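Common to both upcoming complexes is subunit A, partnered first by subunit B, then by subunit C.
So, the complex of A and B:
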């Protein structure tokens, strides 16, 4: 009896593994394709049917991209932008979220709805007004133009507010009895408890910031103020794009994110599973 | 706790101040002027840099800063900058967008400057000078031009024992050859009938005596039988199965089919020569000739120019630069890189010689009977219409007559509002 269940269980395990392996292969194919393409000649990238393995590995594609674009500058700009935006959002959004979740003040609901409307409006609508603000501030072509508009987000506030709402009121009351003020409650009680929510927000913010293309391209023009994504886009010509160079650049652009993912895998999955979105 | 909190704030502030107070764009006390020059094609950057360097040598007090925005985002960026009143001093402009920017007073007319400095406009093809003249005002000196040619794969022609195309070809001859070249067992088609306006159907429309838009930019030409026949030329090629279907060409770009020896012929612009010369397969197997004749010879011509922002504080310096960009010297620098045919008459020979693999002279010769790319104030709006309806005609879901009439109706509505 127990034996047969064991066999059955094993078989199901096998099936699950097979499905997972297929899924993993599907997910990893674009990455492998990107790496293969980055090592091909220009002619090989445009062949139909496609050439899968390059005849001769073209390592020089990598040094070529490094030669044509100021990659170190791109890395620096992207890392600074991403870090500043992530830290800023974690801090500012959690402060706002705490207020919305726990403090009673007049006009709170109106304010909250106002903030939610920001969530509902597509980002492109903000492009022009935000650009005008940057013009007025004289911030075109600067790093702070990349950072400041992304220091706060309605999404982050909403996400963390839901987190704080779900926490037992008793904790807060106990802290109050011990003489904590609002800020102390927020800092000592709420933040440590909301760790997984904060991590989820950090992941989203970092990813979005790393990949953001339109805003950096619109607001900054000179190569030494570009981020990786915007700099890479400039590898595309009007009539002619050298795909092997573009892919070599892309590989160079994503490896830091892949490294971060490998090191923070556990937190990533926890954080994303928790919010139930992607 | 408070320490941690203030630490974060200080850190944030530090980041902000670290990246602020960096540069104060242009102009400084020493009398030096920096001009910002926006372009969209990375492949032309080296030529533009060489030209800027030569210019700076002649004008030591003017610096030129070239900034590339990729084609896909260039127009959104330009429009945002125009709205925010922060256009660069000098920037690239094309035919479909010139009327919009000129009529919204975003560009500096250069009539007076041309007169004062005796710039001879007869040095450029007239079609291009006219393209950048809006309501009698000149906005730019033509930088380059492109025309369309019939590219063909010599190897596939040899295998099918079909003589190479030449200037004696007409539409019938092309169709006949396409049939002979098509070999379904090998997966080879005679021609790629892609749904492209500038490269494909505008040419056949003009060859058939049709029009796309009236000269006063008020009326669509798509309801005329001549125009419709120019479209049918292409849809028939797909119907006769001598071209890949619309679906197949959506999946794999016609360029790539041509570069892999899957189609024997295609209409393509002079700009493709660089790609074909760099590609291991096409570099010694393809060549180019003039487009086949319809009722008459015709080809679409288009070219760029560099315009000056109406609001630039450096009008004088910007004009000096634009004048140099339009000079023979700049044209020669550009010609050698092979990327674009320079517009300055007499410098095209250098472009032809930049690549001896292909018969590039045909692009220069056909400029003599060329028709400018049709445009209006809001060109992109009816270009979208073309795509929307002709996609159906090319996909054989709608007859070309029906698609053209729909486009004519909606295009006339759009034009009446311009």
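So, the complex of A and C:
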């Protein structure tokens, strides 16, 4: 009896594995094809029937990408933007989130609801006036154009507020008796306790910032102030059909985030699962 | 003596009260000070870059823009034009088709994968990593590699079809199917994200429900439909709201995979793509603002409907 269940269970396991493997192949093939194409000659990419592996690995496709566009600059711009936005949001959002969750002051609820309405509005609604602000400030083609509007986040504040709300009141009362002010309570007691929320927010902000396309495309048109995303768009504009070059550019643009993900997998998965439950 | 005593006591407690209330006042004032100080940067930033721009966009939607940044009030003209412009109506239709397919297919597929990954099988984290890869990959790169896979002459997909004797279509240049090709990419790239959320939801369902069901003789399908699915409904609700809002704003894939010069652009362009073209390419800013406002209205209405409907199907413990 139990043996037959075991056999049946085994067979079901095999079916599950088969389905998951087919799924995994569908997920991974585009990445493998991207890498293989990036190492082929232009001739090999347009051969029929197709060449799966390049005869000779064409590393120079990568240096060609650096030759056509200032990719090193793209890296720098993207990294600085992502870091500044992430650190800025972590600090500013957690500061506001603490106040919204733990301090009583007049007008708090109105301000909070006002902030929530920002969450509901699609990004395109802000874009035109934001762009005009950048024009007025003379910030077109600067890094601060990429960074400054992204320092403030209704989503981040809301997410962290949920965290601060769930913490026991005794903590801050004890600290208050010891003469701590709110900033000290926030900095020394609450922030360390909200670590998982902060990590989740950091992951979201970094991902969005790294991958964002429309805003960088709008504000920074000069190549030395472009991000990787916008850089890929302009690479495509210049080399419409040279796919070995385009794929090399794509590999160059995506590997850092994938590497970060592989190293911080647990945090990524937990962070994203967390926002689903809050 | 007695009187004095009570007076004294009164006085004492009076002083105490006063001290307490002044302490309270002081701490209240300190609360206010810190409260405003701590929210100030975020609230000011949101006001400057998000709230005020929303109001401005609504105002712009009633104006017409000249070549030099001058604009004049034209009332409802943009909206009238918008609802009569076949391009705009087509863009809304495209976006609607895209959303109506992408969201449910994405959710159903990711629930299935999550359920499979939740079994006691080996290599769960390996599969999870692979399915998640597209989530951390920039859409611009995803668009490029899929454009290449879809290439009708040298693309991998048509090569595979050719090898089994089939002739593949022009995936992204044939106006009849281009939108569906994009939908496929959208589902491919979002499945991993939803799957992670569902998987953590599944892990939160108490084992005792399943044990009780097993004792009652329930099979795996009964368990799935009577336990798993109802318990997941709050998460399905959350994911569907987020995916709907995202789907309505599809842009990157259309810009990078189709582009303004393609034959298929009219059959694929989304509302946000049209907004982008009008706002930043054609300098039709008033019209673009009107598109954005209509998009806002549509998203608000759909979210409101979902909120209303949730009572009917979302199961809270």
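Assume the second predicted complex is superposed on the first by the 226 of 278 C-alpha atoms of A that agree within 3 Å, B and C clash if a C-alpha of one lies under 4 Å from a C-alpha of the other, contacts with A are read in each partner's own complex, and residues count from 1 in each chain.
Following the convention adopted for this analysis, contacts are C-beta pairs under 8 Å (C-beta built on N, C-alpha and C of every residue); 3 or more make two chains touch, one makes a residue touch a chain.
The shown structure was predicted, so the numbers you read here are calculated from the model rather than taken from an experiment.
In the overlay built on the shared chain, the residue A:247 is in contact with subunit C alone; subunit B does not reach it.
In the overlay built on the shared chain, the residue A:214 is in contact with subunit B and with subunit C. By the touch criterion defined above, A:127 lies against subunit B and subunit C together after alignment on the C-alpha atoms of chain A.
Once the two complexes are laid over each other on the shared chain, residue contacts for A:46 go to subunit B and to subunit C alike. Applying the stated contact rule after C-alpha superposition, one finds that A:19 touches subunit C and leaves subunit B untouched.
By the document's definition of touching, of the two partners only subunit C reaches A:108; subunit B does not. Among subunit B and subunit C, the chain that touches a larger number of residues in subunit A is C. Contacts of A:144 after superposition on the shared chain: subunit B is touched, whereas subunit C is not.
Within the superposed three-chain model, A:233 lies in touch with subunit B and with subunit C [touch as defined at top]. Contacts of A:63 after superposition on the shared chain: neither subunit B nor subunit C is touched.
Touching of subunit A by both subunit B and subunit C, each in its own complex, is seen for residues 46-49, 127-128, 131, 148, 151, 183, 213-214, 218, 233, 236. Remark: subunit A residues 41-44, 46-49, 80, 84, 87-88, 91, 127-128, 131-132, 134-135, 139-144, 147-148, 151, 183-184, 187-188, 213-214, 217-218, 221-223, 233-240 touch subunit B in the complex.
Subunit A contributes residues 13, 16-17, 19-20, 23-24, 26-31, 33-34, 37, 45-50, 92-93, 95-96, 98-100, 103-106, 108, 111, 114-115, 117-118, 120-131, 133, 148-149, 151-154, 157, 176, 181-183, 186, 207, 210-211, 213-214, 218, 228-230, 232-233, 236, 243, 246-247, 249-250, 253-254, 257-258, 260-262, 265, 268-270, 272-273, 275-277 to its touches with subunit C in the complex. Of all residues in subunit C, those touching subunit A in their complex are 27-28, 30-32, 34-36, 38-39, 41-43, 45-46, 48-54, 56-57, 60, 113, 116-117, 119, 121, 123, 125, 127-142, 144-146, 148-149, 151, 153-154, 156, 159, 162-163, 188, 191-193, 196-197, 199-201, 204, 235, 238-239, 245, 248-249, 251-252, 255-256, 272, 275-276, 279-280, 285, 288-289, 291-293, 295-296, 299-300, 303. Contacts from subunit B toward subunit A in the complex involve residues 1, 4-5, 8, 11-12, 15-16, 19-20, 22-23, 25, 36, 38, 40-44, 65, 67-73, 76-77, 80, 83-86, 88, 252, 255-257, 259-260, 262, 269, 271-272, 274-275, 278-281.
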